[in-house]
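All chains are identified by letter, namely A, B, C and D, in their written order; residue positions are counted from 1 within each chain.
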Amino acid sequence: MGYFSIENLSISFGGLKAVNNISFSVEKNEIFSIIGPNGSGKTTIFNLISGIYKPDAGFVKLAGENMVGKTPDRIARRGIARTFQNIELFANATVMDNLMLGRHIFMKTGILGGAFMFGKRSRAAREEIAHREKVEQIIDFLELQSVRDQFVGSLAYGKRKLVEVGRALALEPKVMLLDEPSAGMNTEEKDDLTIWIKDIREDFNVTILLIEHDMNMIMGISDRVFAMSQGQKIVLGLPREVQRHPEVIKAYLGEEEII
Amino acid sequence: MDMKRAYYEDIELFKSGVIIFWTISLMIVLFTIPLYASNYYLYLFNLIMVHVIIAVGLNILVGSTGQISLGHAGFFAIGAYATVLLMTKLQVPFFAAIIIAAFISAFFGFILGLPALRLEGPYLTIATLAFGLAIMHIIGHTDIFGGRTGLMAPPLDVGVPKLGWSWILKTDVSKYYLILIFTIIMVLVAINILKTKAGRAFVAIRDSDIAAEVIGINLTIYKTLSFAVSAFYAGIAGGLFAFVLGFFDPVTFNLLLSIYFLVMIVVGGLGSVMGSITGAAFITYLMYALFKNVREVPYLGSFLVTISERWLTITGLDNMSAIALGLVMIGIMLFEPLGIFGAWIRVKKYWKTWPF
Amino acid sequence: MPVGQLLIEGLAMGACYGLFGLAVVIIYKTSEVINFAAGEMAMFSTYIVFHMLTVYNCPFWLAFLMALVFAAILGVLVQYIFLRPAKNPTLLGLIVITLGVEMLLMGLASWKWGAEGQAFYLPVSYKVTYEPISGFIVSEWAMAVFITAAVIMAFLYFFFKHTKLGTAMRATQQNKHAAKIMGIQTDMIFAFAWAFSSVIGVIAAMLLSAKAILDPQFMMEPFLRAFAAAVLGGLMSVPGVLIGGAIMGLLENFFGYAWPAWKPITAFVVIVLVLCVRPSGLFAKHYIKKV
Amino acid sequence: MVQELNFKKRGEDANVYIGNKLVSPRITGICKFNKRQISSINKKGGEKAMDLRRIRVVMIVSLFALFMFAYDGQAKQETGFDDKEIRVGQWGPQTGPAAAWGNVARGSKLVFDIVNDEGGIAGRKIKYFIRDDQYNPSQAVAGVRELVEKQGIFAFVGGVSTASCSAVQGYLLEKEIIWISPCTGAATFYKPFNPYLWNMWPSYENDASVIAKFAIEKKKFKKIAMFYQNDGYGLDSLDSVKYRLSKKNMELVAAIPVEPIESDLSSQIQKLKASGAEAVIAFVGPKQAAIAVKTSVSLDFKTQWMFSYNLSDYEMMNKITDGLWAKEGVITSAFTQEPFAKNELTAKYTAAVKKYAPTERWSIFYMAGVVVAEPLVQVLKKVGKNLSTKAVADELNKIKNFQGVGPKVTWTATNHMGPKSVQIWQCGPKGEIITLQKWTENEISRD
């Protein structure tokens, strides 16, 4: 078994088998893409991994440890971070605060410590400053300096996607789940994102699971691709293989343009 | 564009010299008020500060965490009753009593936070409302709380009477300073809480609870914590309120009061400490002064009396006060949905670019 | 324990709460606003009937019809003057506006009619009672309540299911923007919902005041109960509200009989416990946000 | 114009963004925007002007609210009187849940109006202030302090709510301001002795005891139930009735509490009915009294209702019970004279009402305001020119068997108790007052 794996994962919503007995395993530092037409259960897999849904059966294992049954916040603490398809940022907080929230699990200041943060040398302030430095690195990395103190709600869509990636990065995850990170971006932004994702893997030593519709991007960065349809596995393999696989093409036919 | 040199500047209490200047000026004004205001105004100021404390706490819950509470008068009552009973029945010194009372209140906040894990919106409103009603009702039915007859607050002794050291605050001025110090501390603490880990977690829960969970925020802990913190504030405020008023009964802490608390923070500005302060001051002042004694106002009074006699009833003239307060509330919400604080930001922005 | 009698009285009060809860639900269904002014709007309209009956000596049915018209106008006016101009309102902001309207209406009513209680009569009296089965005393008033509740519920059921306007209202509730794009005049829908709610409110208020008394404060407690009933029913479902109201009325009467001292809060506490099990009330699907 | 369409899915909905502005969720197909919608989306330029207008409106509204309406009169000296006027105050609920009691405070005005019209007292007119407390102690304290500290008040009369009176009691004592009778029979104002407070109200304890005595001895009821408001008013009287019954070795067949806010009383009345009570002694507010009587009729519960003196306003009670008050022949106690008794004093007041307050109804509670003002005027007249708090207090302490339209009171330097006697009335078939029993003292009073 690999570094991160899901085994026989299944869930159904009222008779509909959204994810049906799916297994795969991902090596450390791999970029692993999941593709499939709309409604094929890709996001559901992510939701199962991050603990938002409880699977009917199966396991999610990170370095041998089972994640199923843990609450989402515990799973996050174990090192699985994610972004969302529809952007779930904290819209009424600044970019800085959003990223600082990514540091939440590393901060030890309790509410009392925070409440009495008077002066530069108080423990809370020292911790706060230390984490701000970390976040600043992420801001530099993702080139978010210009929007650092802006409210997320006022940012352009592409920037928000990026902030969300930054927030996931701030958790210093072992595994990162990116759910359609390039949706809504223009070509230029997509190219930048591709480079960043690669860099994230290199610089931060992260295993990346990616849901994407943009075939160019998938072909460009994925190590392996997992194709699924209607909750079932179609094929798992190298990008080129999967792209030419007749079942995959069949699954996408009839579907019109995917945004 | 302001340039920052160190990360600490982001979390400093006073971010610039201008803010320090204004803060110091405000402090000077606040600390010298007793020199030129009559005792009646000190009473109003005391009430305002008590309301400021509770509004700041409520705003942490409603504004920052996004949980509606219509039961805060209940926590307010717990604070008042617990402080007074601890002092009279167990001879606990005042400062210990008010802190213990606030913790008791916080504990009840924690309890009320539990259903909030599952409920939201109107459903949570009903749960908190029921809590407020239940507290009022239980107090009204329990003899040790004085039942519906009410309780008289003891003399405000800030010393430790058991050790023979007692220092009784009798005058309004001394009470004013005591409450002022409490208020300043509670406000600073709130500012700090909102700037650090817990505060950010609250905002995260408000904006997207699912995202909050997947970045490692434990909803159970932080939702209940938010209720507890907010209730702690209400407890402190209640303990002080007991001595401002000197006498209270369960009806003092009715649903209407909870509603007024909510109005304070919405009118002031949700999610901001400054908003809670301005909202509490504004609404309290209006509650106690707006169109009161309208008959004695020159010209307007006699005009209204004439109107009342001609078309309405003269006995109902005092309702002008409620009507005016209602209109002010509606007006503020229509023209400034973000509350007074939103208006202030707008004005500030406007002046910054003036005259362009 | 006179079970039968408690049942009848509980159901009658419950039907009133449920009926009034409908006024809350209709507005919530279309615009997701909790109208805290509902009680006072109904109170104000009831005073209008009262005024016409006592000052102008109108025949009852005329006064009643005029009051319905007035209630509709009041509802539209409140929506048009106070709620529609709100720019980008927050949910709490809207609640504060309705609270402001509540204070305004209560102030105006007390100013016009004084704070002293008044008697309000309906042609159906609580004084005329029948005892069809021993132990079940039914007053004319209670029968009127049951019939009104049944008629209004049937009407609403039909209205929301089978009329164009009702469908448009449901669509607006589900998605205001989409409804607008589909060519539904949402402003009209909101105005209509407020008028509708106000009319149902005044009917409930008249029934309640005929049993109790009429004063500017008389709808405050029933409003809380109706709101609780509506929440128990799930805030979205028409039969749900009436069932919620019935549960509320029955709980109050049975608990009130067993432990009179705790009557005012038992129903609320039970409702909160029920909500802890079913967080979106009895008759609404719990909405799980998808990510 | 529209630059970019961003699609965002949330649940079943898809939100359409144009730039950053949310335009429409739930688009499943292709959507077309008409010109108006697009122009409204792109109308960013107008917002600046809108901003300015809003700022102005907000500023004007807040200034208006703060400065125009917050009128608080001019500060006066603290003695409470000068050569031209004596300032007297009262607080009371003019608005809020108990606004129906507001006529007490307005009633006192009648007495002062009469005196002022007669030329005042030793050249001084009485200036009378009413402060609305909304039945809320914190408002009462604010009003009273404002009066004392900014207007300067010589004496207070009346004051309706027990809670409000309790809240200001300490303050008034500290300021040594004369206060003639809180309009409540709660025991808290009797003990401990307050040298600046003179009581005129029979305590609820005495009231309940006399009613119970009447029920047992005159009416010979065997099964008596109690229906009481759960507060000082109800609990004092419950205690007293129990005490009275225990003297005769009797017990209440039922004692049902009610919260002052409740409006559905059917379960309580059914419980009373189940107890088989021949008489129900009820210490509740007027609203609940009315609902209780109405409910008992609709539940076929036949009993003799007996209420406290707080419900002796037959005209109003008949109005709000739809005539049931008379039909059921309700018995109440009473602490005043009959409002329309044929005597000189009543005639004087009823004439004065027509003149000074034509919209007011001459009723028991309006009279209550008169009752508390009468002794003050009497004493002020006696003191005359050399006015001081001490002189007035001394004269008040000498009052003996004083009776206006209210009860007979006697005060001494060490005893400021209210009267111990009440009358028993019954509402006759036409709503008239039938005096069943003249002033009766509670012989087992524990005051």
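FYI, contacts are C-beta pairs under 8 Å (C-beta built on N, C-alpha and C of every residue); 3 or more make two chains touch, one makes a residue touch a chain.
Computed from a predicted model, the values in this text were never measured in an experiment.
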{"item": "Centrality ranking, top chain (CA atoms only)", "value": "B"}
{"item": "Taking each chain's C-alpha mean as its centre, the one farthest from chain A", "value": "D"}
{"item": "Mean-CA-position distance for chain D and chain B (Å)", "value": "28"}
{"item": "CA centroid of chain A to CA centroid of chain B, Å", "value": "41"}
{"item": "Whole-Å gap between the CA centroids of chain A and chain D", "value": "65"}
{"item": "Multi-chain contact residues (two or more partners), chain C", "value": "107, 110, 115, 261, 264, 289, 291"}
{"item": "Touching two or more other chains - residue numbers and ranges from chain B", "value": "137, 141, 210, 313, 315-317, 319, 321-322, 328"}
{"item": "Per-residue multi-chain contacts in chain A, two or more chains", "value": "52, 84-86, 88"}
{"item": "Residue numbers on chain D that touch chain C, as the complex places them", "value": "10-13, 22-27, 31, 94-95, 97, 99-100, 102-103, 230, 256-259, 261-264, 266-268, 270-271, 273-274, 286-287, 290-291, 294-295, 297-300, 316, 319-322, 324"}
{"item": "Chain A-facing residues of chain B, complex", "value": "6-8, 10-11, 13, 188-189, 192-193, 195-201, 203-204, 206-208, 210-219, 225, 229, 271"}
{"item": "Chain B-facing residues of chain D, complex", "value": "51-52, 54-55, 57-59, 61-62, 65-66, 69-73, 75, 94-95, 99, 102-103, 106, 129, 131-132, 135-139, 141-143, 145-146, 148-150, 162-163, 166-167, 169-171, 186, 188, 230-232, 235, 259-260, 359-360"}
{"item": "Residues on chain C engaged by chain D in the complex (per definition of touch)", "value": "1-2, 5-6, 9-10, 13, 107, 110, 115-119, 121, 126-127, 129, 131, 137, 139, 141-142, 174-175, 177-178, 180-181, 208, 211-213, 215-218, 221-222, 249, 252-257, 260-261, 263-264, 289-290"}
{"item": "Chain C residues within the chain B interface of the complex", "value": "28, 34, 82, 85-97, 99-104, 106-108, 110-115, 224, 227-228, 231, 235, 261-262, 264-265, 268-269, 271-272, 275-276, 279-281, 289, 291"}
